[in-house]
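Next come two complexes, and both contain chain A; in the first it sits with chain B, in the second with chain C.
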Partner chain A sequence: MGIALRGLFGALLAGALTWQAPPITFAVIGDNGTGETPQYDVARQMLKTHATVPFSLVLMMGDNMYGAQQPRDFVDKFEIPYGPLLRMGIPFYAALGNHDEPGNRNYPPFNMNGQRYYSVVRGPVRFLFLDTNFMEPQQVQWFERALRDATEQWKIVIFHHPLYSDGDRHGPSVSLRVLLEPLMVRHGVDIVLSGHEHIYERIRPQKGITYFIVGSSGQLRRGGMTPSALTAAGFDRDQAFMVASIDGGDLTFQAISRTGVVVDSGVLHDRAATESEK
Partner chain B sequence: MRIHADPLNAPLLDVTHPRLAVRVFRAVLNRFLLLPLGVAIAMVWANTDPESYFRFAQAASFPVNEIAMAFFMALVAQELFESLMLGGALSAWRHRALPAIAAVGGLIGAVAAYLSFVSLKHEQMLAPAWPVAAAIDLAAGYYLLRLIYPRRSGVVAFMLLTAVLTDAIVIAVASVQTPSFQLHPAGAGLLLAALASAALLRRRGVKAFGPYWLISGTLSWLAFYWMGIHPALALVPIVPLLPHDTRAGDVFADRLDGTPVHHQEHEWNGIAQVAVLLFGLANGGVILRHADTGTWGVLIAALVGRPLGIMAALFIAVLAGLRLPARMRWSDIAVAALATTCGFTFALFLGAATLPIGAVAEQVTLGALLTVVGAFITLGFAWAAGAGRFKVGG
Partner chain C sequence: MPTLIHDPYPDNPTARRRLWPVGPVIAAILLAATATFSYAQGAGEPVRAFMAATRDYAQMHRRLEQQIGPIEITTSIDQINRSIQQLATAIRAERPGATQGAFFTPALAPELRARINEALLADDFTADDVIRAGRVDGIDYGRVALRVNGTFPWILGTAMFPCVIQALPELPPELQYRIVGTDLVLIDIHASLIVDILPSALGWDTER
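Moving on to the complex of A and B:
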C-alpha cells in the first residue's frame, strides 16, 4: 500500500514538474491614441493578425490618447478603432504616458482599476505596469516587492519611457535606467516593453533583459532612428505593433507593420532557461 | 563692526595678493557662483557619461538635498530675517502692501501661464510641476538688480520682498500638497520640542550656533521628515530664535568676523556654499535632448507669466488707489518684475523637493536652468529703459 502511494505521489510529482502552463499570446501597441487613419489601419491589421495569431490580451505602452481627452475622444481614439477586438472580449491593459491625463487610469477599458502602477498575471507571465512620469519612492518599493514576490516563470515590465533607445527624438532615459535596471536584473525580469519614441526597436539583451520599443502604433517618426551597436532590429518607415506568444520557456514574437509586413521576428528564452544553458 | 562692504563693488581678483586662491574662492563664495558651477559640471557630466552621473546623483540625493541643503535654506532665512529686523535693509518695507500684491500677481501669472501651456499641449501629467514654474531665485534677482541700482534703492528691496513672499507661498502650498505630507501629532510634538529647546538656549544666553543646530535642529529635522515635509526646510523655524545682528548692508553679503554672530554666520556661509555646490552637482544634470513641453512651460511661466502678473496686479492696485513708492517709476517696476524671472536655485530646489525621478522632473529641471536667460532680458530692458545706472547722465 505504502509503495503504491509512493508510486502515485511520485507520478503526480513528476507530472507537476513537467506540467507547463498553457501558452499565452498577447499584442503590444504604443503611442497609438491619435484617432487618425494610421491608428485605424494598425487596428485593422491587428484584427487580421488575430485570425492567425489569436492573442488574448493587448498591452498599451502609454500615450494611449493624444490631444483632447473628452468622452467623445475615448470613442474616436479607442473604442471605435479597437471595437472589434473589444467586442471579442479581449482586454486591454494600459501604462500611462506623458500625453495621457492622470485620470485615464479610471477608464474601465484600460483595466487599471484606478492605479498608476499594477500587475496582472496571465498563465506563466506576470506583467508589471509602471508610471515612469513620476517614479516616487512608494512606486519603486511596490515594484521591488512585486518582483520579489512574483513566482511566475516570466516577468515582463511595461512602462512608457525607454531605458535604452536609438530613437533620435528622445533617446534613452538614463536616470530611470539607473533607478530601475538594478532591480530588474536582481529579480530576473525577462522583457521590458516601452513606447515614447515613435518607432519600433528591439535592443540586444542588456544584462540579460531584452528591451522593445513599440511606439509607432498610431504616431510615427519616419526615419527617426539611428541604429547603433545596441540595435538588434528596428523599423521606422511605417506604423507597427507587436504580437508575442509564450509557450513554456520560449517567447515567439513578430513585429508587424500597418500593411501587414513582418518587420522583425524571433524567439527569446526566459532568463532562468538562458542562465541554466550557460 | 566690520562688514564685508559691497562684494559687487569689490575687485574680483587682486593678482598682487599673495593668497590669490583664497581670495578667488571667497569672491566666488560671496557671489553665490558655486551653484552655477555645480550645475555646469553636472550638465557636462550628464551629457557625456550619463550613467555614472545619474548613479552619483541618485546616491547623493538624500545626504545633499535633505541634509546639507538644510544649512543653505536656514542661511537664506537668517539673512532675510536680519534684513527684516528693525534697522535692517528691508525693515522699512515690512508694512508695505505693494510687494505682497506683486507676489500674488506674479504667482497667479506664472502658475496660470504654466498650467495653460501644458493644458494647451494636452500634457496634464506636467501639472504637478507648477511649483518649479512659480519659484524665484532670490539671490540671482537681488544681485541682478544690484548691478542696475544702488544698494539703497527701493527697487532692490521691492523685488526681494516680492520674491521672498512668492517663494514662501510656493513652499508652503507645495509642502502641504506633497502626497507624503501628514500632520502627524507626534511629529508636531517633536517640532514644538525643537522650538522649545531653541527658546531655552536663547533664554540661557547661548551665543554659539552649534547647540541650536545639534539639539533643536536635529529635533526639527526629524519632525519634518516624519511629517513628510521636505527636511531641507527643517532649520528655518529655528532661525528666529538664533542670536541675530541687524543686517543693514547687503542682504546676501558674507560678513567677516566683527562680532560672534558675524563670525558664526561667516563659517555657516562656507558650509552652506559647499552644500549648494553639491546641490547643483546632484540636481543640475539634465540630458539636453529631453527638453520638451515641461521645459518650455517653465520658461513661458517665468519669462512671460510672472512679470505680466506682477505688472497687472500693481496696475490694478494703483487704479484702486495705492501709490507707487517715491522715486520709483513704472519702468523701475518693470525692471524689478523682470528680475524675478530667474528661477534657478529655488526652482531647482522645488523640483528636487516635490518631483520624484522621472520624465516630468527632467523636463522642468531643464526649464528651471534655462530661466537664467531672464537675467539678460532684464539687463537689456534696463539698458533700453535707461533705468538705474543705465540712466543717461545719471
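Moving on to the complex of A and C:
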C-alpha cells in the first residue's frame, strides 16, 4: 500500500513537473475594417479554416475600422463579416491603428476594456497590446513593467506600426524601433505582430525576435513589397490572414490567402528553447 | 493638405506702452536684454507654465467627466459618441473664449519647435520624413479645418514619432500631441477636442 501510494505520489509529482499549459490556437488579422468584399472573403476563409484549425481567439492589428466610424460602420465592417465567429463565442482582441478613433477602445467586442494598451494571458502566452499612435512615457513604463513581470513561457507583442518592413508604402517605423526593440530584447519577447503595411510579411528573426506583418486582411497594396535580406516570406498579391498554434515551446503558423491558399507556414520555438539550443 | 484656421498670436501692447516713453533706443536695449536674460535664466519657465496649464486642464476635464459620467463601455456606438460629445460640449462651455496660443504660448513656441527638430535630427530624421509619413497615413483625408475647441478629425490617421513625444513636455493621460501637416496639435483624446495648435512646428533648426 505504502509503495503504491509512493508510486502514485511520484507519478503525480512527475506529472506536475512536466505539466504544460494546454495548447492555444489563435487567428491574426490586420487593416481589415473596410467593409468591402475582400474583407468579407477573408472572414469567410477564416470560418472555413476554423473547421480544421479551431482557433479560440482573434488578434486585430489595428485599422479595425476605416473611414466613418458610426454605428452602421461597426455592423458593416465588423459585426456582419465576423458574425459567425462572434456567435461561436470567439473573442477578438484589438490594438488601435492610426485610422481607429480612440473611443473604439470602449466597444466591448474589441475587448480593450476602455484601455489603449493592455495585456491578456491565454494558456502559456502573454499577449501585450500597445497603442503605437502615441507611445508616451507612461505607456512605455507600463510596457516595461508588464514584460518584466510576465512569467508566461511566450511573450507576444501586438501593435500597429511595424518595426521592420519591406513594404514600399510605409516601410519600417525606425523611430519606434529605437524605443521598443531594446525593451523587447531585454525581456525576452518571442514574437511581434503588426499591420499598417497592407501586405503579409515574415521577417527573419532580429535579435531573437520574429516579426510578422499581417496588414492585408481587408486592405491590400498589390505588389507593395520589395523583398530584402530581412524577408523570410512575403505575400502581396491578395488579402491574407494568419493562424498560429502554440503547444509547449513550439509555435506552428500558417498564412492563408483570401482564396484559401497557404502562402507561408512554419514552426518557431520560444526564445528560452532557442537560446538553450545554442 | 488640411486647411488650418489660425488665430494671430496675442500682442503685448501694455508692455510696449510702458516702455515707449523712455525712448525707442532704451526700449530696444531693454527688450533685447530681457529676452537674453529670460532665455539664459529661465528657459524652463514656459515649459513649467505649460505643464501647470495641462495639469489644470486635466483637473477640469476630470471634474466634468465626474459630473457627466465616464464614457461607458457599451456596444452602443451611439451611446459612446454621445458621451464623447457631451464631454466636449461641457469643456467648450468651460472654455468659451479658448484661443490659439493659450497652451503653446509665444514664450513656449520657439522652445517646442527647437525640441521637435533637434529630436528628429538626433535620430537622423528630417521634418520631411514626418510630413511624408503624415501624408501617406492620411489616405482618407481631404480638406479639414483645425481650430481650437473644434473636433479633431481622427480620419487624418496621424501617429506621432516616439522621439518627438519624448522631446516634448509630458502630458496628463487625457491629452496627446499630433502633428498635422507641419503643425503641432494638442488634443483631448477622451473628448476628441482640439485644445491648442502650434503652427509651423516643423522645419526650424535652432530657434530658441
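Everything that follows uses one rule, which is that the second predicted complex is superposed on the first by the 265 of 278 C-alpha atoms of A that agree within 3 Å, B and C clash if a C-alpha of one lies under 4 Å from a C-alpha of the other, contacts with A are read in each partner's own complex, and residues count from 1 in each chain.
In the analysis below, a residue touches a chain if its C-beta (ideal position, glycine included) is under 8 Å from a C-beta of that chain, and two chains touch if they have at least 3 such contacts.
Given the structure is predicted, the values throughout are model-derived calculations rather than measurements.
> Taking chain A as the common reference, can chain B and chain C both be placed on it without clashing, or not? Answer clash or fit.
Here chain B and chain C cannot both sit on chain A without a clash.
> Touching A:Q70 in the superposition: chain B (first), chain C (second), both, neither?
After superposing on A, A:Q70 lies in contact with chain C but is clear of chain B.
> Tell me which partner A:H187 touches in the superposition: chain B (first), chain C (second), both or neither.
neither
> Let me test your reading of the model: by the given contact rule, A:F134 touches which partner, first (chain B), second (chain C), both or neither?
A:F134 sits against chain B and chain C alike.
> For A:H161, decide between first (touching chain B), second (touching chain C), both and neither.
A:H161: touches chain B and chain C.
> Give one of first, second, both or neither to describe whether A:L179 is in contact with chain B, with chain C, with both, or with none.
both
> Does the superposition put A:R44 against chain B (first), chain C (second), both, or neither?
neither
> Pick one for A:N106: touches chain B only (first), chain C only (second), both, or neither.
A:N106: touches chain C, not chain B.
> To test your reading of the overlay: chain B has the stretches 152-160, 170-178, 188-196 or 314-322, and exactly one clashes with chain C. Name it.
Of the stretches 152-160, 170-178, 188-196 or 314-322 of chain B, only 170-178 runs into chain C after superposition.
> Which residues form the common part of the chain A surface touched by chain B and by chain C?
In the superposed arrangement, which is not itself an observed complex, chain A uses residues 66-67, 69, 98-102, 132-137, 160-161, 169-170, 174-176, 178-179 for both chain B and chain C.
> Hey, which residues of chain A end up touching chain C in the complex?
66-67, 69-71, 74, 98-103, 106-109, 113-114, 132-138, 160-161, 169-170, 174-176, 178-179
> Please give the residue numbers of chain C that touch chain A in the complex, ascending.
Within the complex, chain C touches chain A at residues 71-78, 80-81, 84, 123, 125, 133, 136-137, 139-140, 154-155, 157-166, 170-171, 173, 176-178, 189-190, 192.
> Enumerate the contact residues on chain A facing chain B in the complex.
Listed in rising order, the residues of chain A that touch chain B are 66-69, 96, 98-102, 132-137, 139, 160-161, 169-171, 173-179.
> Under the touch definition given earlier, write down the residues of chain B that touch chain A in their complex.
Against chain A, the touching part of chain B is residues 50-51, 53-55, 57-58, 122-126, 128, 179, 287, 289-290, 292-293, 355-362.
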